[in-house]
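Both complexes shown next keep chain A, but they swap its partner, so chain B is in the first and chain C is in the second.
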Partner chain A sequence: MVDLSGLAQALTFGLIEASVIALGAVGLTLSYGVTRFINFAYGEFLAWGAFTVVFLVAIAPALPLPLAVAVAVVAVGFMGVAVSGAFFEPIADRGGLPLLITSIGVAFVLRYLLVAIASTDARSLPVPLQRPVEWMGVGLTPVQAVVIGVAALAMLAIHGVLQYTTLGTVMRATSGNRELATVAGIDTEAVVRRTWVISAGAAALAGVLYTVLYAPVRPTFGFGYLIIIFAATLLGGIGRPYGAMLGAVLIGVTISVGSAYLSPAYDQAYAFIVLVVVLLVRPEGIRRGTF
Partner chain B sequence: MGLLAGCTGGDGGEGSADPLTVGVLVPFSGDYAWVGANVLPVVQMVAEEVNAAGGIGGRQLRVVQGDTEALPDASLSATQQLISVEEVAGIIGPTSLTYSAVADLFVENGVPTVTPTAGTTTLDTQGGEYVYRTVPSDSIGGRAIAAAAREERINGIGSFGSMALMVGQREVYQSFKEPIGSSFTEFGGTVVSELDFRTGKASYESEVQALTDAAPEITALVASIEDSVKIMEAAYQAGYEGSWFLTQDQTNVDFLSQSEAVVTDGALGIQEAPYEAAQADGRAAAFDEAIQAYAGWEETRLFATNAYDAANLLFLAMHKGQVDDGAVDRASTAANVRAVAAPDGTVVTDFDSGAAAISEGTAVDYRGLVGPIDFNEFGDIAAPFSIRRADGDSWVEAGRVRPADL
Partner chain C sequence: MAIVTGWVAFVVTVATIACIYGLLTIGLNLQFGFTGLLNFGHVAFFAAGAYTAAIVSMPPPGTVPGARYMIGLAVPMPAGLLLTLAAATLMGGVLAALIGVSAIRLESHYLAIATFALAGIFYDVLVNERWLTNGTFGMTQVPKPLRATLGADAWALAYLLFAAATLAVVYLLVGRLLEAPFGRVLRGVRESTAAAEMLGKDTDRIKLVAFSLGGAIAGLAGGVYAHYIGSVVTGQFVAGVTFTVWAALLLGGVASHRGAVVGAFILVAFQQSTRFITTAYDAAVAAFPDTLGVVLTALAAPLPGHPAFLPSVRFMIIGLLFILVIRFRPAGVLGDPQEVTVMGSEE
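On to the complex of A and B.
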C-alpha cells in the first residue's frame, strides 16, 4: 500500500525542484522562440547568476540578499545581450547548426572565465538552514517555500510581459515569423536583445535558487543541469513558454517520485524516459498552440 | 601528466652522476587536487634533506609529479609516463581512487611503490612484494569506526545500538562499507539501513528521506566533503535526529568550514592518531614545525605524516641497495622496503640515522610518525586511530582506538 504522506512529500520535493527547472526552461525556450537555435551556453548563465551573488555578498556583506540577487539577475541579463551580440547575432543568418556549435564553444568560454575568476571551489550562499514545518505529514522549510514563491512570482511576471505588454506582443510576433515581423515594421533586433535580457535573467535567477537549495555548488554546475532544463523544454514543446512550465513540473515530479519509489541513483534517467515516451506519442510536446 | 618538479638540491659536486628520479603519483588537479598539495611538499622536503646529505650513492634525488586527476584513465597515462619516460626508481602513491587502474603496471614493471594514501581494502590481499603502504587499511579504519560507535568510553557521547550506512558509489568509499557494517554487527549493534548513493548529485532528498525513515541512532557517512555537506544539510532540513560518523576525508577543518555548526556539531570523525612514541620523543612536533615552515602551512595536513614515512622508507630502501649492490635498481629497492623496517633491526627514525646505520652494515628498523611500520605479508601496517568530535569550527579528540583494541 502506498504511504500517502510519503507520496505527498515526494510530490512536494518534485515541485521544489520544478521551480528551478521551470525558470530555466522558460528562459531557454523564450530565447529559442526568437533565435531558433538550441543554446548550449545557456547553462552557464545559471552559474554566472549564482556566483555573481556569491561575489556580491562576499565584497558587501551588508548588502541584503534579495538586492544582490536583483543585481545579479540584471547583470547576467545584460551579459546575455552582450554574448548574443558578440557571438550569435553575427552568424544568425547561417542556420541552426553553426549557431549550435558556436554556443558549445561559448559555453566553454563562459565556464572557464568563471572558473578563472572564482576558482573551482564549491560555494554556498548565506541562507539559513532550517528545520521543516510539517503540515499533514509533509515537511517544507520556509526557505523551500520562498523558492517556490519566488519562482511562481517570476513566472507570473513573464506571463504578464508576454500577455499584457507591447514587448510581449512583438516577442510573440517575432517568434512566429521573424521576417514577417520585420516587414511589419517591428524592430526585431531590439526584440531579440530584450528577449535575451529576460532569458539570461531567468537563468540567473534559476541558478541562484538552485544554489539556495543545493549548495555547495561549483562554477561548472550549469552545464550539468542544462540537461534537465532541456528535457523540460522539449517536453513542453520547444519555443512554448507555458509548455516549458508544464514540462518542468512533470520532470521535477518524475525525478522525485522515481527517486523515492524506484532508486535515487537514476534520477536523470527517469526524466528522459518520460521525455522519450511523451515525444513518441506527441512529437510536438505536451502543450498545444504556438507559444 | 603533471608538471615536473625538479628537486636536485644543487648543481654540482656529487650531483655529477645521473639523478635518481622518484615519482609522486596522486591527484594534482580536479576535486582531489588537495591530496597532491598535501603529499608533494613532504616528499620534496625529505628529498632535499637527502640531497643535502649527499644524495644516494652520490646521486641526487629528483622528484617528479604524476597527476592522476583522481581518474582511472588519467592515472594510467601518468603511471606509464613515470615508468617508461621518467624511468622512476620508485613511486610514492597512488590513492584508492585509482589504485586498481594501475596496480598491474607496478607489478609488471617491478616498480617499488609506497603509498601514503591508499586505504582501499583491495590492497588487503595484494602487495607486499612491490607495493607497500604507510596508511592503515580501510578495513582497520572501518573496524575502528564500528568499535568507536559502540563504545561510549571512546566516543564520549553514547553507545549507539543502530547504524545506517550511507556510502558513495566509488571504490574509494565502498571500501569502507563492509568493514564498518560487519564490525558493527560483530560488536553487538544493528545495521538498519545500507544506502549506496551516486556521487556528485545536485540533491540527496530521496536518499535522506530513506535515511530518516530508517531512524538510525547514528549514520556512518562515507563520501566526499561536498556530498557530505549536501547530505547532512538535507538530513537536517528533513528532520533527521541521529548522529553522524565520518571518515578521514571529512574529519578536517575544511569540512567544518563548508557547513554550519548546527549541522556538524557533535558529529564523530576518525583520523590516524599520532604515534605515541613519536610524540613522546618530540619527533612529531619537530616534523610539524619543519613541514609547516617548508610548505607554508598553518597546520600539518592529512597524509603528511604518511608521506614522510613513505619517502623515508623508499629512500632508505634505495640507499640499502646502493650499499649492498653498488647500484640502485627497482628490484632491490622493492625488496629493501621491507628490509629497512625489519622489527629485529636497530631502531631508526629518519633517513640520516638510517642511512648511517645501513652504511655500517647494520640492519635497521625504521619507525615512523604514523606507527612502528611493521609490514604484514601484504605490505600493510597497523596504526592507532583518534576519534574526534566536531565542536564549532574545530575537532576535539574524544578517544583513541589502538590496533590491539580491534
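On to the complex of A and C.
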C-alpha cells in the first residue's frame, strides 16, 4: 500500500501546481477570447505580480501580505490594460501574426524592465516554512492548502463574473464575434480593457502563488512557465475558460506524476508531450469554441 | 605581431559573429519569410549543430580532467573541420525534420508554440544528459583549427575569412534555390496552402523540406560557432538567441534574402557595441571631470548599479525593435512591402 499513498501524494502535488497553472491558463484564455492572438508576453504578468508583492513587502514591512497581494493584483491588472492600449490595440486590425510577434517584443520589454529594476537575484515572500500535516499518508502544508483555496476562490469569482454579470455577458458576446458585438451596440473596446484587467490580474495572482510554492524565484521565471500555461490552455481548447481549468488539472497531475515516477529533470517535457499528443490527435488544431 | 588589437580585434570579432548570425537568419528566413513557417525554436538547431561539432571533434573523455561526457571522437584538425561541419549541418537538418514530421501540419500559431516548447525541452536535454553534453559545465575543449599554427591574431582573421566564405556560399546557394521553381512553390505555400494544394502540390512535404533546410543551415551556423568560440556551454543556447535572430530578420526585412544578412550584421554590431557603454562612460567622466563628468554622474546616479542592468537595457531595446518594426515598417530595412504579406492580416 506504500505505492498507493505515494501516488496519492503525487496527485496532491499535481493539484497544488494545477492551482497556479489554472489561474494563469484561465487568464490567458480569457484575453485570447476577446483579442484572438497568442500572447507570448503573458508570462511576464506572473513575474510582475510576484515582484510587485516583493517590492511592497520590502517598502512597507508592516503591510499584511494578503493586502499586498491584492494591491499587486489590481496594479498588474491595470498594467495589462496599459500594455494592451499601448502595443496591442493599435494593430488589432492587422490579424493574429503581427500581434503575436509584437507580444514577443512586449515580453522582452516587460521582462528586462523588471530585471533592470530588480536584478536577476532570486527573491522570496515572507511565508513561513511549515511541516506538512499528514492525513491518510498524504502530506500537505497549511500554506499549500491556502494556495489551493485561493485559486479555487479566484476560479469561482471568475465563474461568477462570466455567468452572472453584464460584463460576463458582453465578454462572451465579444469573444463569440467581436464585429457582431460592436454592431449590437456593445462597447467592445471597453470590454477588451476590462478583460485585460481580469486576465493580467489572474496572472499576477498566479505569479504570487507560484512564488509562495516554489520560492526563491527570479524575475525571469514567467517566460519559462509560459510553456506550461500554454499547454493547459491549448489542452482545454483556447478561448474556453472552463476547458483551461480542466487542462490545468491534467497538466499539473502529469507533471507531478512524471516527476515522481520518471525523472524530475524533465517536468516541462511531460506537459509538452501531453500538448503534442492533443495537437496530433486533432491535426486541424484545437477547436476554438466560445465559452 | 599585434596588428589585430583594440578596435580592429573588436571589428573582427563582431564580423565573425555577424557571419554566424547571418547564417542563422538566412535559415529562419527560408522557413518564415519564404514559407510562412513560424519557428520559435531556432536555437535548438543551432545548439544541435554546435554540440555535434563538439562531440565529433573533442578529445576522448579519458584525456580531459573532470569530463563527464562519454563520447569524443577527436577527428584530426584542420582536415576534420569539413567533417564536423557536415555532421553539424546534418544534425540540424535531422532535428528539424523530426520536429517537422510531427508539428509541420499545425496551424501557424500552434507551430510557434510547438517549436518554442520543443526548443525548451531540447535545452533540458542538453542540461540533463551529461553523458553526451557534459551538462551545464559544457564541452570546453572544442578545437580551433590551425589556431596553434597561426597564432591568435592571424587565426582570428583567417577564421573571419572562413566564416564569411561559408556565409557567401550559403547565401548564393539559397539565393539560387529561391529563384528556382522551388522558391516559387515556397511562396505559393506561404500565400495560400489551400491554393498550392489545389494545384497538386504536396504542401506538407514542401513545408517539411523548407523547415529541414532552415534547420540544417542553423546547424551549420552552430558548427562554425563551436569551432570559433572553442567551447559549447548550455548557457549559450537559451531562447534569447532565437529571438535575437527574429529581431535581425524583422529589422533586415522578412522575405528579403539580402535583408536577412544585413539585419544580422546591424543587430550583432548593435549588441556588441553596447558592451562599450560603460567604458565610454568611464572615459568621459575621467576626461572631463568638471562639467560633463558631473552631469553624467548625476544622470547615472539614480540608475541601478547591479551587473544585470546594462544587458537588460540591451534586451529591452531588442524588444522595442520587434514592436516598432511590426507597427511602423513591417518590411524592415530592405524588405519588399509586396512580399511581406505574411505580416499583414491573415485569411
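One rule holds for everything that comes next: the second predicted complex is superposed on the first by the 281 of 291 C-alpha atoms of A that agree within 3 Å, B and C clash if a C-alpha of one lies under 4 Å from a C-alpha of the other, contacts with A are read in each partner's own complex, and residues count from 1 in each chain.
The rule is simple: a contact is a pair of C-beta atoms (placed from the backbone, for glycine too) under 8 Å apart; a residue touches a chain by one contact, two chains touch by 3 or more.
Predicted model only: the values in this text are computed from it and were never measured.
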Which of chain B and chain C A:S124 touches, first, second, both or neither: first
When both partners are placed on the shared chain, which of chain B and chain C touches more of chain A: C
Which of chain B and chain C A:P98 touches, first, second, both or neither: second
Touching partner for A:A265 - first (chain B), second (chain C), both, neither: both
Partner chain in contact with A:P216 - chain B first, chain C second, else both or neither: first
First, second, both or neither for A:Y225, with chain B first and chain C second: first
Which of chain B and chain C A:F13 touches, first, second, both or neither: first
First, second, both or neither for A:E44, with chain B first and chain C second: neither
Chain B and chain C footprints on chain A, overlapping residues: 120, 224, 265
Contacting residues of chain B [partner chain A, same complex]: 31, 169, 196-198, 201-207, 209-210, 213, 226, 229-230, 233, 236-239, 258, 260, 262-263
Interfacial residue positions of chain A with respect to chain C in the complex: 37-38, 40, 87, 90-91, 93-98, 100-102, 104-109, 111-113, 115-117, 119-121, 223-224, 227, 230-231, 234, 263, 265-266, 268-269, 272, 275-276, 279-280, 283-286
Chain B-touching residues of chain A, taken from the complex the two chains share: 6, 9-10, 13, 17, 120, 122, 124, 129-132, 134, 139, 141, 144, 210, 213-216, 218, 221, 224-225, 256, 259-260, 264-265, 267
Footprint of chain A on chain C - complex, ascending: 38, 102-103, 105-110, 112-114, 116-118, 120-121, 124, 127-128, 239, 243, 246, 250, 304, 306-309, 312-313, 315-316, 318-323, 326-327, 330, 342-346
